[in-house]
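Common to both upcoming complexes is chain A, partnered first by chain B, then by chain C.
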Partner chain A sequence: MNEHESEHILPYGFLAQILAGLVLLTAVTVGVSYIDWGFLNVPIALFVASSKATLVLLFFMHIKYEGMVIKVSFISTMLVLAILISFTFWDVAFR
Partner chain B sequence: MEKAIDKTGVKIGMWIFLYSEVLLFGGLFVLYAVYFHAFPEDFALGGKELNRIFGTANTLVLLISSFTVAASITAIQQRRKGLAIGLLVFSLLCGLAFLINKYFEWGAKFHHDLYPNSDLLLDSDPGFNIFFGLYYTITGLHGLHVIIGMVLLAISLVLVARNKISAERYAMLENSGLYWHLVDLIWIFVFPLFYLVL
Partner chain C sequence: MEQVKSFYETPSPAGLTGIKAWLLTHDHKRLALMYLWAVFFWLVLAVFLGMALRLELMFIGETIMPPEIYNSFFTLHGVIMIFLFVIPAIPAIFGNFFLPIQIGADDVFFPRLNLFSWYLYMFGGLLAVISLFTGDGFADTGWTFYVPFSVTTETNVSLTVTAAFILGMSSMLTGLNFVTTVHRMRVKGMGWLQIPLFTWSIYATAWVQILATPVVSITLVLVVLERFLNIGLFDPAKGGDPLLYQHLFWMYSHPAVYIMILPGMGIISEIIPVFSRKAIFGYKGIVVSSMAIAIAGSLVWAHHMYTSGMSDVSVFVFSLLTYLVAIPTAVKVFSWVSTMYKGSILMTPPLFMSLIFIYLFTVGGLTGLVLGAAGTDIHVHDTTFVVAHFHFTMFGGTGFAFFAGLHYWWPKMFGIMYDFKKAYIAAVLATVGFIFHYIPMFILGMQGMPRRYYDYLPHFETGNFLAGFGGILMVIGIMLMFINLWASFRVREPASADPWGGTTLEWSVPSPPPLHNFVEEPKILEYPYDFSGVLARAAKNKG
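This part shows the complex of A and B:
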């Protein structure tokens, strides 16, 4: 039976390391928010948030160990979201 | 004969639902981006009203609960039922802590006359009013998701206790976990956008 994908067991220590990474990134994003980086404020915050989201998605949500269907459909959703956000913003910003 | 269970199919169904949730919140983030672009000063003023400490505490609570939910799946896979139950109870307490925190946070805003349709907001600049409109819509919808996630985790907890979720069959726990992680994921973006960048 094709069990190897869904039966992947993540050790507690490994999950704890991911949590430690997430807490560290939270400290980073709160820390840098006390400094005014001008127009870079939003890009910096979103970059750190995206890194945290990647950790949650890959390991807590198991995407790294899923088959092609979930991986490809997830990436497609992100593309749709990127188009939704960028095209709307494009329209508004250059109107 | 045992009925065959399509484990991958069960998970794909949950993911497709999660994609719709991503686009739902994505639409709200578009609104945020567009109005932030239109009213940067008012948004900065509004952001000053939010408490970074509250926000950070809630971020940590959700991150830790995501870890314990992920660990509870490992516990089920290793047939450690007691540990799985303990981790799920802890996750539920984290969800409760998040909501209590949010209650006090919203309460403080109400106290300062910052709530939808309040006299202060109606008399202030439109951007300031829009900022709080988005704040209540997005954190409110997110809070609703926290409650739904807690219900799903509670159902999983009962099923684990009754041996309906076991090392052989734990799709319900896995999908509830996915939903809980999604709640965490959305907060990861809500937190910097409302509490930090302004």
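This part shows the complex of A and C:
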């Protein structure tokens, strides 16, 4: 274990703030679903969901405090997922 | 050094005896051997299933089995070969045994997880067997489990895909273990560009295992959900898309062929320099090409779908991307051949099998270009041409690399040497049989013989007969190879620590290695394929 990955215990208060943020964003998800944004319906829902996932990953799963190898591995994984989904659209979008 | 107790005599955890010392072991070498015997079992079973299929096809009409059994047999042949032999064989056996030793470690990073992976592998295999004898029999979908047929067929698809799901988990955890081991357990002083090429190839493979396997796992779960809940994910009548299944399936299953071939390429990259007594040509080129194959190979999945009704833009893009994979693959082939150029070549069974690999794999690769180009692919799509191409790369490639690795590392794993003459005869028989077996399939495919068909028109009979004849010869060759290796346990001709004159770390430890692999601090060479020491020793012994 290298120095960058020393113990990092987050205070309960801070975790409670993150939880509150997640609950708030859930309320936003529900709230925006009552409004018809037209084309933006799906992008907005995805943006809110991604923000929640980012909070969970950064703080609950401690990615923010991990070393570079873990961060790069994680980002590469997300990149692969993005490529897999976007390449499928070469098919779906032009069919 | 020779008096050190081998890992056979030193159980881990200490105190375990008998069968427990194996079934509860944390030692990567014991686990590798446990995989070896399990993989042997599956390989032999799948070879005989394949043989039965070819015997059936030797003559028109029913020869030895009815069509329903034929359908289940080719599914079973595919599922076993892919999920229980080709994917796990090299990483789980040789990767487990040699990756830690090649980087100077005493075990993998997660030894218990390694044991768990083996149990998952065995459990997955067991489920596949159970699915044979329960419900309405083994799946008849082919190993691809394409919807809508896999969702509607009465056969035991749910249990079969559950088996594949569990096997996928085993593969993924093994990959995770290897990536962590390479990052965290390299001996001090070993930089990234001092890692042997076999370990590099296993490392590149491990990333593909980690990133691609979850996709197929989820997809197989979706098939089960469709069968039980009829959700309509792949049903156009309910807003689903049948092509979505094919995309998801090939997102894993195309990278999976690189999971299958990359470790094989790693073995060849080890063997060629050792028996050419010459540093490998283009070490960095091979390292970069391994990673490039892993990355580019993950972006070409839809080349399996040119005739599926996918968009033309997609066909064009994926065809272009497919051609890109040929570049790093060719870099490797040129590097191997260039390594031998002006080398001091010592012919041995591992080198002989590696040469066969290069020849057969190159034919497989070149015929892949026919399939990668959308225009020609449409002509030969779903014909026996595809079967021949696939077997040239996966069997002529990975299969022969596996045989070469087995003959290369056998003395290290068991501390005994085998009979060279019989090994050569077996390899020649298997290769001649292989060529007779698969070349007719190329021709039949171009003539329009569809794959997976139970019966055919009279003008396809000669080709099918020849393929069957070649198959018999090939199976005899493979069995002779295994019998020869098995016979080495009876003769027990001892092998030295370094019978070939290798430079990587596994050749610096006793044969078989002790529990913690190293009896002294491993000496890291500035360059992993520096043969100056080996040549100096050979000259001294001569003088």
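As a working rule, the second predicted complex is superposed on the first by the 90 of 95 C-alpha atoms of A that agree within 3 Å, B and C clash if a C-alpha of one lies under 4 Å from a C-alpha of the other, contacts with A are read in each partner's own complex, and residues count from 1 in each chain.
Going forward, contacts are C-beta pairs under 8 Å (C-beta built on N, C-alpha and C of every residue); 3 or more make two chains touch, one makes a residue touch a chain.
Note that the coordinates shown come from a computational prediction; the quantities given were computed from them, not determined experimentally.
Engineer: Evaluate whether chain B and chain C can sit on chain A together after superposition, giving fit or clash.
Structural biologist: clash
Engineer: Which partner, chain B or chain C, is in contact with more residues of chain A?
Structural biologist: Partner with more touched residues of chain A: B.
Engineer: Applying the document's definition of touch, where does A:69 land relative to chain B and chain C: first, second, both, or neither?
Structural biologist: both
Engineer: After lining up the shared chain so the two structures overlap, which partner does A:95 touch, if you call chain B first and chain C second: first, second, both or neither?
Structural biologist: Second partner only.
Engineer: Kindly classify A:83 by the partners it touches after superposition: chain B alone (first), chain C alone (second), both, or neither?
Structural biologist: Touch partner of A:83: chain C, not chain B.
Engineer: Return first, second, both or neither, reflecting whether A:9 touches chain B, chain C, both chains, or no partner chain.
Structural biologist: First partner only.
Engineer: In the overlay, answer first, second, both or neither for which of chain B and chain C A:61 touches.
Structural biologist: A:61 contacts chain B only, not chain C.
Engineer: Just one of 223-231, 349-357 or 421-429 in chain C runs into chain B once the structures are overlaid; which is it?
Structural biologist: So the stretch of chain C that bumps into chain B is 223-231.
Engineer: Intersection of chain A residues contacting chain B with those contacting chain C?
Structural biologist: 69, 73, 77, 80, 84, 88, 92-93
Engineer: Contact residues on chain C for chain A in the complex?
Structural biologist: Listed in rising order, the residues are 179, 183, 210-211, 215, 241, 243-244, 247, 251, 298-299, 302, 310-314, 317-318.
Engineer: Considering the complex alone, what residue numbers of chain A touch chain B?
Structural biologist: That would be residues 5-7, 9-12, 15-16, 18-19, 22-23, 26, 29-30, 33, 41-42, 45-46, 48-49, 52-53, 56-57, 59-61, 66-67, 69-70, 73-74, 77, 80-81, 84-85, 88-89, 92-93 of chain A.
Engineer: What part of chain A is in contact with chain C in the complex they form?
Structural biologist: 69, 73, 76-77, 80, 83-84, 87-88, 90-95
Engineer: Which residues of chain B touch chain A once you look at their complex with the stated criterion?
Structural biologist: By the definition above, chain B touches chain A via 7-8, 11-12, 15-16, 19, 22-23, 26-27, 29-30, 33-34, 37-38, 52, 56, 59-60, 63-64, 66-67, 69-71, 73-74, 77-78, 177-178, 181-182, 184-185, 188-189, 191-193, 195-197.
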